[in-house]
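Please find the structures below.
Both of the next two complexes hold subunit A, though its partner changes from subunit B to subunit C.
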Partner chain A sequence: MSDPMPNPRFAFAGHLTAIGSLVAGAGITLMPKDDLALATVIARKGQAGVLGERVQALFGIPLPARPKRAAAGKIAFIGTGPGQWLAIEESSGDPQSFAAKLATEFAGSGSVCDQSDGRAVIRVSGPRARHVLAKGLPVDLHPRAFGPGDAALSQIALISTLLWQIDEAPTYEIAVFRSMAGSFADWLIASGAEYGIAAMS
Partner chain B sequence: MTPLPQSRRLASGGLIDRSRTLSFQFDGKPMTGHPGDTLASALIANGTILAGRSFKYHRPRGILTAGSEEPNALVELRSGARREPNTKATTVELFDGLVARSQNRWPSLGFDVMSVNSLLSPIFVAGFYYKTFMWPAAFWEKLYEPLIRRAAGLGRASREPDPDSYEKAFAFCDVLVIGGGPTGLMAALSAARAGAHVILCDEDFSFGGRLLSEQFVIDGQSGADWKAAAVFELEQNPAVTLMRRTTVFGGYDQSTYGALERVGDHLPVPLPHMPRQRLWKIVAKRAVLAAGAVERQIVFGGNDRPGVMMASALRSYVNRFAAAPAQRLGLFTNNDDGWKTVADCIRAGIKVEAVIDPRPAIPEAFRQLAIQAGARLFEGGLVQDAHGTARGLQSIDVMTSTGRTESVAVDGLAVSGGWNPAVALTCHLGARPVWRDDISAFVAGDTPPGLVVAGAATGAFDLRSCLADGVRLGAEAAQAAGFTAVAPTVPAASEETLGLMPLWKVTGARTKAFVDFQNDVTAKDIVIAEREGFRSVEHLKRYTTLGMATDQGKTANVNGLAIMAALTGRSIPETGTTTFRPPYTPVAIGAFAGHHRGKHFRPTRLTPSHAWAAEQGAQFVEAGQWLRAQWFPKPGETDWLTSVNREVIAVRGAVGVCDVSTLGKIDIQGADAGTLLDRVYINGFSALPVGKVRYGAMLREDGIVMDDGTTARLAQDRYVMSTTTANAAKVMQHLEFCHQVLWPELDVQMVSVTEQWAQFSIAGPRARDTIQKLIDPMADVSNMALPYMGVTTITVCGGIPGRLFRISFSGELAYELAVPARYGDGVIRAIMSAGAEYGIVAYGTEALGVMRIEKGHPAGNELNGTATARDLGLGKLMSQKKDFIGRVMAERSGLTNPDRPSLAGFVPVNRADRLRAGAHFLGLGAHPSASNDQGYMTSVAFSPSLSHWVGLGLIKNGPNRHGERVRAYDPVRRGDIEVEICSPVFIDPEGGRLRV
Partner chain C sequence: MQIECPFCGKRDAHEFAYLGDATVARPDPAVPDAARAFYEYVYLRDNPAGSHRELWYHSAGCHSWLVVTRDTRTHAIETIAQVGAR
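So, the complex of A and B:
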């Protein structure tokens, strides 16, 4: 083996382009979140309580029982269904090891599956973010209905999406199946074009 | 050509911006108008009263209304790819450079050859097509229909692709107010002041409704000034969304409304990145329908002549647009509201020649008004016929109260037959409107949950009631949405009376009297319908086409009903009503498609090696939503078969690689994972050792095969299942159903990992040599360490974690290597360079298909929804020791009959013959008939290994007929050849190559 390890190719590679002149304060900013480690965690039968205690003890995070995002430090858990969560580690240098670590920690109480490559996550922010998302997401994102810490499993442009809000800027992160990142980016760009799009890597 | 001056523009007044002039063209003639004009008002200001020709008789038609109910003034707007037929001139906002053409005329609007249809009108009456063009049948398609289509019809659609874009959007609010007239504005103010989030929609480009068109006074201000203040207040409120140019066209379940926003239609072309139209789905806790009312006509002879106009429309043109549709006007009204026209005409300097009011006695104030206008007053009179040409109206015949007929010279006639509340939206969930005798109109019956009707839409036509309704219902809606509302005081407005005497049709007309202008339905057509027995409303509609045009009979339906009621001696409510369906006004198909057109019709799924495959010049094929490499043409290869043969030969002779990431992959964990698999698969999995893979098939409840694939055991409590590409989602759904509904007691956790892994099949005699070069040193993948149907965890290319499955679809020594999807691109490149010295090829789905057919593996074509496991040669897999889904039903006698079509192989007796999938099997010499059908060919391929075509098929008692000859009969492609039944495994039947 003399060849160097191949470079990863991320899901949004080649699919994002900036559009229009960004008027000051307008537009949206897109940023692929390639540095996230993702893992699905499903409670074993009758073990949800034990799992919750493990998560609390390890990360200081109360496992949300609803579509909410609970975070502490680099770790977050998003409720995606009864007894199911998406666990996220920010700026993860080694995504596979996150799932492996969780699997060890949750042995007997939760089944863990690495999804770091299965989902592509993109961050959408800027004052026009709500206007753009309203063109595809059938969820009310008005601050009185949806705020930081809220999450929704839904569909945008016929693509299954898991969306959560990070802050009041507003900043959202959206996870889609990796293979549909290109189609999702096409929709984002078509929908955001009138406001101007900045794409960051 | 320089445009002529706007000869009919009033010297002052109107809500138009006279400081700016807009140029436009109608039928090639240059004209001018002002911002604030519609195309219709600009045409009137330019003295153009002829707007088009009618649908069937090519009658000259003018402008009847000033709104979206317009049946006559339909034009082709714009040109080239943007040409849009049947656009209502009354709703088109004038823009600089607008180009419009009249429709349905040849060679010109003034002189139209097809108006000969009018002379032939006896043969165009209702029911004529049904009765006349019945025979001979062959003439219908070739002769009658093309003729009729040329003679009748509306505009011409552009045949070019639509250059504009459309989008969809979602909105949420506490209170949706539909209609921005006085009622709607007041309701919005009332709800907004309570703190509710309000969306106010109006189809017009300006809010105000009738406030723009009448000389109203509210709280001592003009209606227009009051409106401006109201709109200003709403605009300042951040919780209010004002949507102009937005038609709420449909009401749907759970308080959801469909609305069309015309974002760029008032511009010559939409701005860059601006959609032309946006389709809104509005979810409202409460909705107030304040859509107003539509003025209705009176049916008399020549009532469709250019120059005849609704009285309210005439006032719109005079008051709002400062354009005079006539200079010597007649007014025909059966109600007080129509009399407003007289005062407005006096103010605008339009001469009122005569007022014809069928009521026997009218209020004294109106008599005085007629005197003031210098108009002849015909109390108890009727307009029987209007006479004119394409150039305009000339006179009207008035039947006086004493029975004399007098002719009055006029160049315009305003008509008011009363008002019909716009209740369409209350009917979209199935309710029907109900009749109210006191106003002689239909009003809302049951209203959908969460929707209230307000103002003129309820039949309260006077401004005072409208404002009061808005105040009250806006506050109630806010309250119902959870706000504390303090209803504002109702603004003061002058009193109005209706005083309507119903009059639907004048008897004794000598000329054609129209009910439905757009579909050219006359009063006589209704008489014919009645005579022929089509008396039910639904029959009347379909027999005469009354109300079936693009305007859905907004100005026609009630008159038509009333005429039928009179003919049958019933009341109008006894006669019935047709209900309304969405959309309220037509919506372009493009708006419903939104972003999803062309390649965006549905999402496309790309494989992890897609970018690499595209670099190789791969030919792609759609497999469900996936785009997969079908074959990889090499320079000089022009024929797909050449490429595919090369790929197959390379795999069988050396090594090849194929991206198989699209197959469904389901991670199954938990103490009872094996039990779940035992119950969904026909064969056992709980006893499968860790590190082993097994082929499995699963059945539907009815015993038919649902899917197949391999499942590997990664740990005592963990499996990974693979499914076919096509059934990935269905199988996941099936497993979740089984777990959640049938066996919730099982400790099982499942999740799809299809997208997590890039998976490559590396197949061929040199597969292990190739793999060996990629694997990080510590792993042993020798035949001993990793035998056929084994699985192991490895790292490749210097640390990429992966799984290596020793499984084969091609029948060769083969592996499937799975790596995290982000490394798919890098790893396919590494595989290609590792295999280069062995002559590795990339192969696509075609070669994959050829090799699986050569090996006799059933796939999608064989898993056709009728085949059982036995039919597919999988009978021996069906466990006798356990229960599984489909076991009982698979034992039904019909499903175990040996005569069922079962899997077999086929070769052409003449090896040069080509096989065709879909060909049916017949006994040699048997007559081709369904009763002689023995089954059909499901899959075929040219086998480069055998140098002839091979096929798989389902044929009666197939496994016991090897060696027998039958016909493969393919009448669609004129194929009828002799084939020999054989084993479905054409290559390496002992499977030796798999195990080396």
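So, the complex of A and C:
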């Protein structure tokens, strides 16, 4: 008897059911981003310049040297440390192929590791998004200090988080380690309850 | 106390882990009196009241190692530099 193949299960599946149906006039809207291909990219010693040229040539994206998100089309690179990035492909039908493609293209200049099943990403938006994040994130998200294209690595409720801002709605996206998706969803729901939460799939 | 990470910007000290003195160098284990040199390296650390060069790790952020020159009496920070920047 052969082992059955496990069914794919999205990281936030079942964790947002407590929210129930769409709340009219909700202050916060949550949307899991299940269709992302994710990969960490680390420049080889002395090769950050070469890697930046490869990324520019392949995707037309200037590789950010700061905690910033730079995107073009379906591809984005987010600076996560000196010489380190999280690479993202939206609406990926085959997440693992993204990291494999990057690894081939960056051979000699960058090390690539597939994180599509390792991180869980959720979109947090709405007029009270800043208020709920301020309850846990020790980073100033006021528009004067943080805007679209900015990113930050920090912690929320002791959970390591990578957050980046998409637009001035404001819309944020937050990546956590996949095994923390349930705990992070619990924190979001408890902290956002007073503002009204809507969940989108 | 806040530490201005060269990559992340100003963050609360709770995001960082403290390693200690950045001025000491690991002894050569091949030298004849290595045991004594390691004893001094590991245990006999200075505890200055005033300016101190020390290693901090941005564990809750970008995972950079930093050399921070800090006044241990006031927590005033003079300089911050990245260790081994790529």
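We take it that the second predicted complex is superposed on the first by the 184 of 201 C-alpha atoms of A that agree within 3 Å, B and C clash if a C-alpha of one lies under 4 Å from a C-alpha of the other, contacts with A are read in each partner's own complex, and residues count from 1 in each chain.
The rule we apply is simple: a residue touches a chain if its C-beta (ideal position, glycine included) is under 8 Å from a C-beta of that chain, and two chains touch if they have at least 3 such contacts.
Keep in mind the model is a prediction, meaning the values are calculated, not measured.
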Contacts of A:Pro138 with subunit B and subunit C, given as first, second, both or neither: both
Subunit B versus subunit C as contact partner of A:Gly81, first or second or both or neither: second
Which partner reaches more residues of subunit A (counting touched residues only), subunit B or subunit C: B
First, second, both or neither for A:Met180, with subunit B first and subunit C second: first
Which superposed partner A:Pro67 touches (first subunit B, second subunit C, both, neither): second
Touching partner for A:Lys45 - first (subunit B), second (subunit C), both, neither: both
Subunit B versus subunit C as contact partner of A:Gly118, first or second or both or neither: first
Contact residues common to both interfaces of subunit A (with subunit B and with subunit C): 43, 45-46, 138-139
Residue numbers on subunit B that touch subunit A, as the complex places them: 165, 167-172, 197, 271-275, 281, 283, 595-596, 600, 602-608, 611, 625-626, 667, 669-672, 718, 745-757, 773, 776-777, 797-801, 820-827, 829-830, 833
Footprint of subunit C on subunit A - complex, ascending: 43, 45-46, 48, 66-67, 79-84, 138-139, 152-155, 160
Sites on subunit A touched by subunit B in the complex: 1, 3-11, 13-14, 19-20, 40, 42-46, 95-96, 111, 113-119, 134-140, 142, 145, 157-159, 177-184, 186-187, 190-191, 193-194
Residue ranges of subunit C touching subunit A (in the complex, touch as defined): 7-9, 11-12, 14-15, 60-64, 82, 85-86
